[in-house]
Every structure is written in structure tokens, then in C-alpha cells.
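Multiple structures follow.
Next, two complexes with subunit A in common: one pairs it with subunit B, the other with subunit C.
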Partner chain A sequence: MPTHDVKDVLKNYLHEELDENGNAVEVREDDNLLANGIIDSLGVLKLVSFIEHQFKVQIPDEDVTIKNFRCLKDIASYLETKKQQPEVEG
Partner chain B sequence: MTRNGSDYDVIIVGGGPAGSTAGTLLAQAGHRVLIIEKEIFPRFHIGESLLPATWEIWQRLGLVEKMMQNFATKPGVLFSIHNNEQHMFSMEEARELLYRPYAFHVRRAEYDKMLLEHARDNGVEVWIGAAVKDVLFDGERAAGVVVAKKDGQSQRLTAQVIIDATGRETLLARKLGWLRPDPTLNKVAYFTHYEGAYNLTATEPVPTYIFGLEGAWLWYIPMKDDVTSVGVVMDMNHPRHKGRDNAASLLSDFVSDCPQITDWLQGAKQMERVRGIPNISYINKQFTGDGFVMIGDAAMFVDPIFSSGVYLAMRSAQIAADTIHAAFEQGDFSQAFLSSYEHELRQHQKNIFGMIRNWYKMLESESPEEAVRSFGRVARSPLMRRNFLLTVVAGLFKKGDIVPLMEE
Partner chain C sequence: MITRGGFPYLLPQLLDTAAECFPEREALRFFDQSLTYEELAGRSSSLARLLVEQGVKKGDRVGFYLEKSLEAVVAIYGIMKAGAAYVPVDPLAPVSRVAFIIQDCGLRHLVSSETKSSQLRQLLDRRVALESVVGVEAKESLPVRCITWDEVHQTPPKAAAGADATEMDLAYILYTSGSTGDPKGVMHTHRSALSFAQWAAETFRLSCEDRLSNHAPYHFDLTILDLFAGAAAGASTVIIGEDVARLPASLAALISEERLSVWYSVPFALMQLLQRGRLESRDLSALRCVLFAGEPFPPKHLSQLMRLLPHAAFFNLYGPTETNVCTFYEVPAVPEDEERPLPIGGPCSNTELLVVDGEDRAVAPGETGELLVRSAATMPGYWNRPEQTGRAFLRRSATPPFEQLFYRTGDLVQQDADGHYQFLGRKDRQVKVRGFRIELDEIEVALLAHAQVEEAAVYLRPNGEETVSIETAVVAKTGTPPTSLELSRYLSDRLPSYAVPNSILIVDQLPRTSTGKIDRRTLRDRALSARST
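After this line comes the complex of A and B, so read on.
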């Protein structure tokens, strides 16, 4: 899946999440997700599960870093690098 | 009589942490303040685990030394989900970002009394055992209060600003119909204190313990002098809660689901009757009006999972006191002016409600295994761990507060 699609899928996901909490905000691809209350630590948890399910990838806990999950653009490029590494099962 | 012809500059109804904090800060700023408290202190109150974000306020109040002398040090919070793996979140991990990398466990009878006495020492007039029967309005504007004193006499007093710090009594919100329960957090809490339970506070810093169970969670808070607070929070619709009104057996049923607490309470003596608080969370429609402000639990009450109650009470009091001081400088006590307090407080409050909802979503995952796995991920991932530590455990709830810290 091209990175712009990844970002769109995540944008839609976040928009729905925010609606549920009653404070919908349009998320741009370089918005800091931790700033301005867009997402909290337990919100990151849900986002990570969503990504794993949606894009059929496994994200090791140690990869959930500020660098990789700062904004949608960073998440997309992280997933891009994951795709280039062969998935090791087990 | 004050310069402006009213009996006081500010009358504060209620002398808990919110009322006392607002009183001290306003008196320090030179205002003539009266606190009216209906109870005789010390009195029992729940909410014993404090947050490191409160240091800034203890500093302004001049209470840093007293806090360190009088109370048990809380180094962090230990979470365990479904009696599985225990995850300790220690403030030491964020030492470089905090004024002090710990907070305190306090018996509220003692802590609240200290804060109220401190207000008096700072020049606040304090009446105890006197109940405010009503707030008087001049049109839309709050103008004074009617007080029933110990001797049965009733008295009318006027002030430029009335602060409602009545706690869950929510005097003004009830009068004005502003109370808004939060239906998504329809919980009930049962709790008491024990003597002789597992409690190492005399020899070492002890964390707050949180045990997440099926549809409920328990707290275990060891305090000084061998007193330990234990409580459970569950959904109002929890099968165990439906149709039951025996608070003591409800609490003990949940304790027996938690081998760790059961073990820690062996041979302990219950010191207080088990009390309950239903319909825990609410937020008032507004926190301000012409000539009045609501602070602490009189403005909103947040689910206790992240121990935010006392911090939000004192933070709201500090913001309200600063706003009211500015109102005196401007000579403007209108809702329009005072609402900047509300705007600022909501920056602190918004995120905490989101985090609490996410906590319950995690606890109520499809299966207990899923909940255990989820919290394990929070504890192990660098981003989530740091974020959880700074927001939930340290109390940096305000939008944007945490981001610059995380990026250092």
C-alpha cells in the first residue's frame, strides 16, 4: 500500500476516534499526535493495534517510540521500512 | 467592611483542599477572605494519593517543608491487571523533568486540616461548624451568602466574589441546575481504612497500588502511622452491584478476587465503616457566573483511577485565585471576565477524561488476556511508557504540557 494511502487510513481512523471522545480535529500528516491532546498513551495503544490489524504487520513494543510515532508521516515511513524487512515469524 | 462596601472581598464556601488553596492565595495577594466550613476538622475524606504535578502549588502556598515532614513519600504507581504481571511506574524514570520525582500519600483528615490552618495563618478568616444555607443573588450576580451558625443564628454576608468549594455537595450547581453526570463513566466506589495491614511506609517509600480486575479495579494506598486505604471502583451495572446495598460485603468480595490484597490485609483491623460514592463523574455545564466561581469537586468530579482529585481541586483553586485577583485589579467580576478561569481549567480536565475512558476500554477488552497484553505493551513500549508516566502518574494533564518534555 502506498504511503499516502497509509496516511489517509490513519487520518480516518483518528477522526473517528476523536468523534467518539467528542473533540474531533482534522489531523494533518505532520501534526504531532502527542501534542494538543490528539492522542494519549492508551490512545497510542489502540492506534498500534489498529495498524497491526489493518496493515497485517506486527509491531514490536520496542519500535513504539517517539521517533516512529510522532506524526502520521513518521508512522508511514516506519511502516515503509518494516515492509522492506522480511517478516520473521515466531 | 472592605473598601468596596461589602463584608468581604471573597467568601469561600467550603474549607477542603480547593477552598483552602484559593483562600491562601487570595489572602497572599492582599484580599479580605472568609472561608466557611460546615464540618469540624479533622474529618474523614477519601482521595489519599497525591500527584507530583502538585509541587508547583505547594511551592506557591509555602508548604514544601511541611509536606516533606508530615507525609509518606509516594515514588510512583504499581499497576497489575487481572492479578498478572506487575508494572511499576517510578517517578525516578522522569527525574530530570520533575521538580521532585515523588509525591505523597496523605490521610485527608490530616492534610485538609493542615491546608485550612495554613489559610488561617496566611490571614484568611475561617469559620468552622457554620453551614451556608444559600447563595444570595442580586439579579444574575452572586452577592452574598446566608450562614447558619453553630448557635442557630442566621446571618447574611456580602462579598464581591463567592467561591463555591462545597465539594460533591455542589451547592451552586444544584441551585442553578448545572450539574451534568457523565453517563460514560457510570461508576460507584466503596472504600475504608485499615490498621495493621501490609504497610512499609515507616521504612521505605511505597507506591500506590492499582489492581485491575473483571469490571472493576482496586486501590491500595499505605499511609503514615500504619493506616492503609483500600477501595474498589466498579460499574454501577456490575452484576455484583445490582440489587446489593451491603457496602462492606461488596468491598470484601472484590478484595477476595485479589490474592495480593487479601494477603496484605491478613490480621488487619478495619478502622472506618465502608462508605460508598455512587455516580462518580460529573462536570458542571459552566464553572463561572457573574460574581461567582466553582472550584474543585464543586465544579467537576473525575473518576479516581489516576488519583487526580486533589490535584485538580488545587489546580482549579490556583487558577481561580489568579483570575479573581485579576478581576479585582480590573474591577470586573462579570462571567465574561471570570470565564478565563474556566477556559484554563478545561485545558487540564479534557485530556484526563479521555485517558480515563481509554483505561476502562483497555480493562474491558474482549478477554482478560487481551487486557493483560495491552497493558504490558504500554509498560514496554518507550513512547507509551514515557507518556503514561508523565501524564497519568505525574499528573501533567494539560494539553501540550508533556510534548516539550518528551522531546528533550
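After this line comes the complex of A and C, so read on.
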């Protein structure tokens, strides 16, 4: 899936998720998702499991970092690199 | 603890003394930025002078409304050096709540940042009486005096506090959930905060070699230890951004890379680290002291954490915001299958505890009662709430003119055979969700203010052993009933996000007890059985 599609899927997901929490806002691709209260600690877990399900990937705990999950752009490029690397155990 | 430079009686004196003793040492670290004690002392004195030039005077309250940053701590010290009390405003709170706090304690000046421009504009649209905002560029959309950090840094430092400042003066106000529907401001003096900070510095043997975490947001009282006990020892405090705090893998990496030696947070953060931080693969050898407070730590998880950190001492700290910390418990080795909750321990120094029954009579040791606290670290009262302040204390007469004031914690406790206190629950409807203190009544009051809500009942539903979620059943007025989504949005505009219920059910009627009261227990049981089928 091209990067911009990944971002759109995530944008839609966040929009619906935030709407449910009564907090709907337009999320831009370089908005810091975590510092601005867009998602909280539990929201991170939900987002990770959504991505795993949607894009059929395994995201190990140690990958859920500020580098990979700060904003939609970072998540998209993380998924991009993940696709290029074969799954390595450990 | 530093003792050079005279006996400190004001919080900023901790900073200035540390700046004299260790000018070059790192006071604060935030990602790749840092400030030495000399720089922090200098910048806060410049901010103080600038605030005085804006008309801030002794006894005023000045707010700060910005994310975790070096600037936030410069604001804390600068405001106090100007003779005012600082008021941290949750940067994630809805604008209506921010406006309430600004009006409630009469803030006329705010330290903020560009990231808050849109919220600042909304505040000004609501005609809050702000005169100046520090940390933002002047712009047409902000009809208020804007002062940039460059202007602050160019201002010469203000001289130390005048002779009219005493330890009895107001130092800060922390707003916390109020059962009447509005947040209430817990006032602390220099003395109450210093008493706690110095106790902590001594008890945990803090030194200038220590590196402390600052995990909690500034409107939480955990930061009093992070900042002021740290400064009392000349230690470094590592500010953890809101984003890193939410990502256990990044948080664990930070503890290791920053060589943190003293950690302080709610148990939830430590459980997240344990479950998703890959702690076993990190070098946490510098971590010598792990402190937690805010809610009970499930012993099973604590035991796992302690086995991963065999060289660290663990302490359970207890105390409502009103008392800072009033009891503590050093955790001995916890067996893996331990199910008994952890004690809250015994009193801190300079603290007297009293356990009373419903008639304010002391109970016999081992009997259950409400915990009352008299200590130097206890607040004098709530801002501008004489009635609530009156109700918060038991006044016990002593030889005139002495009178003993015991703060009523609302927590039910029992002393065990070893003399340690055990926390058993609440007398009222205050709850802790992931360490956040929430009055369920505040949520109900907010819902009842909605034009189409007839009745509302808020209750907690346990999700397994670690977490609880807030749920609500609402009876609508006749006519078009509101949807759950509408009510959720309505609450999000009024309450902090952690207090917005996870589920809102629209029901025809609420279950009642035989005496006609809303039966919240039945609501909770129904929710539990609905999910499990």
C-alpha cells in the first residue's frame, strides 16, 4: 500500500476513534499524536492493535517508540521500512 | 541536602542556594536541552523582574499553561520569585475548564507557548481578564500584551525576595476535581511544600549526584518532589515529555540513557514499563530508588518489577494533594503470589495521624476508620472556598491559643498488626483512574447541566484487576433524546479527557434501591454481565 494510503487509513481511524470520545479534530500528518492529547496511553495500545490488524504486521513493543509513533508521517515511514525488512526473530 | 547559604524558608531559595553551590551542575534536562542551576536561577530571576514590571505583586496568582518544558520550570520559579503564587493549568484541559481556573483564582498573567495560540485566542474570546501572556509572539489574533522569551532573557534579573516574604505565604495552587461540579484549588504555602521537599530529600538520601525523573504533569503534586526535593539536594531533574510518558519503550530507553537514579510516578506508568518497556534488556543499574503514589500498586506486578530491579529500594508514598505525602512504606521483598494489598505504611516525620469513626472519635488500633492528618506539609485550605475548607478539617481544641487542625482525607484505613496502615477505600465517591483523581459527582453534575438530561448515574466498572473504566447511564428528558456521542462531546468540552466516561448508555429508567436511591451497584453488575456474555 502506498504511504499516502496508509496515512489516510490512519487518519480515518483516528477521526472515528476520537469522534467516539467526543473529541473529533482533523489530524494533520505531522501533528504530535501524543503530546497534544490526541491519544493517551490506552489510545496508543488501541492504535497499535488496529495497525497490526489492518496492515497484517506484527509490531513488537520495543518498536512503539517516539521515533516511530510521534505522528502519522512517522508511522507511515515505519511501516514502509517494516515492509522492506523480512521479519527477524528476537 | 544542601545546608550552605542559610536556612531556606522560600521555595526559590532552594534554587538560588543550589545555584551558589553548584552553578555548573545540570538542574534540568529535557530531551537534548538542559539548564544549569546558574542558568535556571538567572532565567527565573529575569522572568520575575519582567512579571513585576507587568504589575505582578506579592500575593498575586500567575498561571502557566504549556506543555512539559524547561520554560515551565522557569515559570514556576520566576512566578514565585516575583512574590506571586504559581498556578499550573493542565495544557490538555478543555478551554472552558482553563477559563474557569483563570477566573476562579483571578489570573491576570499567564506563561504559555505558541503551541497554545488557538486555545489562548478562544480564552480571550471568552473575555477572560488576561493582561499579558509570556512565551508568545504578538499577533493580531491575540488582543493581549504578548511577551516573548527573548524579551524575558534580555531583562536583568530581579534581586532576591524582599524582607516581607515569609514561609507562611501562598506558593502555589493545584486544581483538583471537585464534587460540586467545579474544580477546587488546593493551596500550599512555601512552608508546607518545603516541609515535604526537605523530608523527601532526607528520607531518600538525595544528593547532587542523583538524577530524578519528572514524569507527572505539573498540575499533579508528584512534581513537588521531582522539582523541589531535587533542588534541595542540588540534583538533576529530567523532564519527561507527555509523548515519551505514553510510550513505554521510549520511556524505558530514557531511564537507561539518562541514567535516572530516582523514579517517581503513579503505579500505572510502572506497570506499563513492566509490560511493554522490555526492561529486562535495559541497563537500569543507576536506578536506586523507585517511588510511587496515587493509587494502589497490584502486588503481583510490583513483585515482578522488584525482581527486575533487585538493587533498587521501593517506596509506596501516600497522601492526598492536600497533605503532600503523609505516610510512606518501604516495600520489603514481595512474594510472587502475594495478593494482600500493600500497606501505605506509617507517618512521615512532622506528621500526626488520627483514625476516627463517624462521630470523630478515635477508634481502637486495628479498627477501621477515616484517616485524619495533621502535619507541616498540609495545605491551609482551598482557594476561595471557606465552606469546603471548613468541612475539610477537624478542629481539636488544645491549650489556647493552640488549636489542632486535622485534614480529613476521606480515606478509610486500618492499622495492621505491624503498625502499618492499610488503605481500604473511600468514604465518598472520589475515585482514582490510572492515578487521576476524579469525583464521580463532578461528572454527574456536568451531565445534569445538559438541557436534555433528566437523570444521570456514573459508576466504575472493573476491567480485570488493573484498570477500571468510568461508565454512565442517562435518562433523557421527554422529547428528542440526546445520543451518547452528543453527550460525550458535551462532557469533553467541560471535563479533562480522563474524566469523560468510556461508555454512556441512554436508558428508560435507573435502578433504585429500596430507599429510592439510584442503585449504582446494580448498574455496574449489569455492565459486567453484559460484557461477559
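Just so we're on the same page, the second predicted complex is superposed on the first by the 87 of 90 C-alpha atoms of A that agree within 3 Å, B and C clash if a C-alpha of one lies under 4 Å from a C-alpha of the other, contacts with A are read in each partner's own complex, and residues count from 1 in each chain.
The working rule: a contact is a pair of C-beta atoms (placed from the backbone, for glycine too) under 8 Å apart; a residue touches a chain by one contact, two chains touch by 3 or more.
Fair warning: this is a prediction, and the values are worked out from it, not measured in the lab.
Engineer: Tell me which partner A:9 touches in the superposition: subunit B (first), subunit C (second), both or neither.
Structural biologist: A:9 sits against neither subunit B nor subunit C.
Engineer: I'd like to know which partner A:46 touches here: subunit B for first, subunit C for second, both or neither.
Structural biologist: The answer is first: A:46 touches subunit B but not subunit C.
Engineer: What residues on subunit A does subunit C touch that subunit B touches too?
Structural biologist: 21, 23, 32, 34-37, 40-41, 44, 61-66, 69
Engineer: Okay, in this complex, where on subunit C does subunit A touch?
Structural biologist: 67, 91-92, 115, 241-244, 246-250, 253, 268, 272, 275-278, 281, 434, 485, 487-492, 497-498, 500
Engineer: Can you name the residues of subunit A that touch subunit B in the complex?
Structural biologist: Its residues touching subunit B are 21, 23, 32, 34-37, 40-46, 48-49, 61-66, 68-69.
Engineer: Would you mind writing out the residues of subunit B in touch with subunit A in their complex?
Structural biologist: Residues 350-351, 353-355, 357-359, 361-362, 374, 376-378, 380-388, 391-392, 399-400, 402-403, 406-407.
Engineer: Within their complex, state which residues of subunit A touch subunit C.
Structural biologist: On the subunit A side, the touching residues are 19-24, 32-37, 39-41, 44, 61-67, 69-70.
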